[in-house]
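We just call them A, B and C in the order they show up, numbering each chain from 1.
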Amino acid sequence: MKLTLQELADLTGGKIVRSGAISEFAGMGALDEAEQLDVSFLGNEKYHQDYLETEAGVVLIPLGIASGACPCDSVALVEVENPSLAFAQVVKHFVTTTRDFIPGVAVGAIVADDATLDISKVCIKAGAIVESGAVIGDGSEVGAGSVVGAGVQVGKDCLIHANATIREQCILGDRVILQPGCVIGSDGYGYELIDGKHVKVDQVGIVVLENDVEIGANTTIDRARFGKTVIGEGSKIDNLVQIAHNVRIGKHCLVVAQSGMAGSSTLGNYVTLAAQAGVGGHIKIHDRAVLTAQTGALKDLKGDMVYKGMPARPLREEQKKLAHIARLPKLAQEVKNLRARLDQLESGQSSE
Amino acid sequence: MKLTLQELADLTGGKIVRSGAISEFAGMGALDEAEQLDVSFLGNEKYHQDYLETEAGVVLIPLGIASGACPCDSVALVEVENPSLAFAQVVKHFVTTTRDFIPGVAVGAIVADDATLDISKVCIKAGAIVESGAVIGDGSEVGAGSVVGAGVQVGKDCLIHANATIREQCILGDRVILQPGCVIGSDGYGYELIDGKHVKVDQVGIVVLENDVEIGANTTIDRARFGKTVIGEGSKIDNLVQIAHNVRIGKHCLVVAQSGMAGSSTLGNYVTLAAQAGVGGHIKIHDRAVLTAQTGALKDLKGDMVYKGMPARPLREEQKKLAHIARLPKLAQEVKNLRARLDQLESGQSSE
Amino acid sequence: MKLTLQELADLTGGKIVRSGAISEFAGMGALDEAEQLDVSFLGNEKYHQDYLETEAGVVLIPLGIASGACPCDSVALVEVENPSLAFAQVVKHFVTTTRDFIPGVAVGAIVADDATLDISKVCIKAGAIVESGAVIGDGSEVGAGSVVGAGVQVGKDCLIHANATIREQCILGDRVILQPGCVIGSDGYGYELIDGKHVKVDQVGIVVLENDVEIGANTTIDRARFGKTVIGEGSKIDNLVQIAHNVRIGKHCLVVAQSGMAGSSTLGNYVTLAAQAGVGGHIKIHDRAVLTAQTGALKDLKGDMVYKGMPARPLREEQKKLAHIARLPKLAQEVKNLRARLDQLESGQSSE
């Protein structure tokens, strides 16, 4: 399990810039917490001071900084292209994630007689419920307390954590991960006001999560009014996100915590919604657009741009706007000065 | 199950504007997805281009547009007052929502001996828990993994989806719907700072959901400190909404996803909170007020108006404010010009 | 159970300002709902009108208001330092919160053979799951449908409400309260973009909730990428809050509903995040800082100050900014006036 400096360089594809006091490493830690036997990394310029003061045995550093200020000589340095990524290899080395995939249906799980699954190849944990007609692909796990609704299809090698809910008929591709407590296929929010009452509009569609999608804890994804709500291949949704009915998210999007998408809105591919952002109903956000935190999109947004503000505007425009607002006190003072000067001029004139 | 053009007109109360290539329809779809045998509808002006290019067999259209540009001749057109509402009838026709209400207590459900329910008239699904003293009305269903706490009263014909939690003593009226994962009756957030520690204030009240209320997935509704938190008859709460202790929501309100109401705030009747809106503690929002998305109400708001911004202001005032901000660069330039002209004038004077 | 006026004064440490029509009280209620036999309290200036019109038998009032306008003579008044706190004593008197701590493992609960707990001293309710290697301290309760993951350590006298999830290896101190549906230890949101795909970065750390922490309903707290996400002693987290991986929250903080903290952000001690606030990644908020509702912190913030706005600024600066914006129409008019006067002056000059 231990790692020599050379093994570390090999593992991370890095280059040893200098050796330190220790030749074999046994663990890992953040710069400000690591000890002599630990590997650490500098993944963010914000932590430069921690880097200089670290007591780690070795630090994975980005290219081009070894020539600048460095921690004391006892700390070895290994240069890598992407320290965060390189460190992920170190984590994999030291921590064998013991996912306890024990095939079979645990005591206390309830699986419908007409569900389709190979009990030698799936793991249904205690307290999980698999309802009538559901299909669970090989290599998939259903966590404790999770509910796989009637007719749901779960692909291969999926990991459904505890207390997640997948309502009837929804479809999960392969290698989908559901964090605990998320809800897939709740009714869309649709009512018609008739005689002063909000009458529920049937929500008869489904949710489709394509291959390699991950859904965060307690996130909610509503089924379509009819047809499908779709999360495209490889897209990753964070915690406490709201995805309304008939939303379509393209491939490889990132939707960060507490953001929300209203009904029938769509994201292209590689779109990023940062935390607490919102997208209005029927709005399209095109490929590779980025909405920064707390941004609210109220109309369609072109791709390949960064947006900010409520309503969302291109980042540079919004920053200019904010700069103008910041200069307002100065502008008001200036106007006051001009008025005084005008007063003077006018009084001069009238006295002529 | 198939539907002729005349049957469609009858079903939706519509008028056949023109026939198309197909006389019998077998399914339904959105304008851009529908095929020759499908019924579709134009429910939002945003989709006009999809309407013109649709390959649906027939489209339900609003009054007054048939005289304008239309899709190709093979597409039949039926004029209706409210296409979305009319389409809901079509959905009902084609999709028999097979809610599997199977009376009885499923294997793997746990019902306390002293709970009150008629097992021939309720549906308690596998993994559901009904605790001591709870009452479940006839026609009500408790979904898999849901917990009905001690002494809870559930009315008639309620539908409690999977993994919902109703804590002790709370009361649900008739025809209440709880989407998966919602929490009814969690403790209100109340502490008193005593000797540097936040000491919990007992939260001994309950939550009352009146008749025909619907609560969205993973929404949380806190029990009152004492007395009741109330969601009034017919009000509909979307997903991931936070309702704090002692809130009172009137009748037929709409509270959209990710909005939140702080302690003791109240809504009148027919109030709308759009997505990600917030209402401060002890604030009253009066009848038929509308808070647009991401709006934050920090003081009481009169009814029958639309509000926007943080802090919330009448929509028109807020729009004017935004227009003034948008003109700031121009204003700054103008002030610069005035100064230059004044400089010139003054130098002319001083040289006289 | 009844309470005389003198007993009420003794219980709350208050002073009888005047007697009313009733000498013994049997219940309690808010000012606008209380009846003759009820105790009420004036906890917030906003309710002064309700106070004047109350029909309560006795009101707990703050110091210094008895000399002003008062409710009618039948209402007794007791002066106390903190009416809300005093009223909490009254609530405790009238409502014996019947927490049904029945030691043992209920039918329908599943406890792993190698879990460590004393069944005579813990309460594992029906439908709860305790996985392999978990430890449950004496006096702790695990609610219906809750999942205590493999190797989790739960301290003494904890109260885990229904349908909560604690993922593997996480650690809870003593007297921790988890409201229903919260998720402790979900994976942090970390991916590296490799060949156009977001590849999951292993999240092998844990969550530590120190003593006397409370976590709100459906709140999510991600496990650290490596190391720990920490919620410090006595901190109270409200509902639907997102705490990302490697966040560190100090002692006695208040994090109100729907606020969120991005990865590796930290709070000092006694920090308050009001509702729907956000803190960006790697940001530090220092001791006793207060972020008002919907505020967004994008850089480190000094302690002992109140912040507002997006981006967050000291409250007074932000208020000045808002005041300047509010005066914009006036400023624009002023500039127009100046221009007109300049036009006149110039035309006077040119005509000379």
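Heads up, the rule we're going with is that a residue touches a chain if its C-beta (ideal position, glycine included) is under 8 Å from a C-beta of that chain, and two chains touch if they have at least 3 such contacts.
Note that the coordinates shown come from a computational prediction; the quantities given were computed from them, not determined experimentally.
For the pair chain A and chain C, the fraction of shared interface numbers is less than half, so the two copies use mostly different residues to meet.
These two copies of the sequence, chain B and chain C, are related by a rotation of 120 degrees on CA atoms, to the nearest 5. Our note on geometry: chain A versus chain C, Cα centroid distance of 25 Å, whole angstroms. Shared contact sites, meaning residues of chain A that touch two or more other chains, fall at 127, 145, 163, 181, 218, 240, 258, 276, 294, 325, 328, 331, 335, 338, 342, 345. Per the touch definition, chain B reaches chain C in the complex via residues 110, 127, 129, 131-132, 145-147, 149-150, 163, 165, 167, 181, 183, 186-187, 189, 191-192, 194, 196-198, 200-202, 204, 218, 220, 222, 225-227, 240, 242, 244, 246, 258, 260, 262, 276, 278, 280, 282, 294, 296, 298, 310, 320-321, 324-325, 327-328, 331, 334-335, 338, 341-342, 345, 348.
Listing the residues of chain C that touch chain B in their complex gives 28-30, 33, 44, 46-47, 82, 84-85, 88, 91-92, 95, 97, 100, 106-108, 125-127, 143-145, 161-163, 177, 179-181, 212, 214, 216-218, 234, 236, 238-240, 252, 254, 256-258, 275-276, 293-294, 325-326, 328-329, 331-332, 335, 338-339, 342, 345-346, 349.
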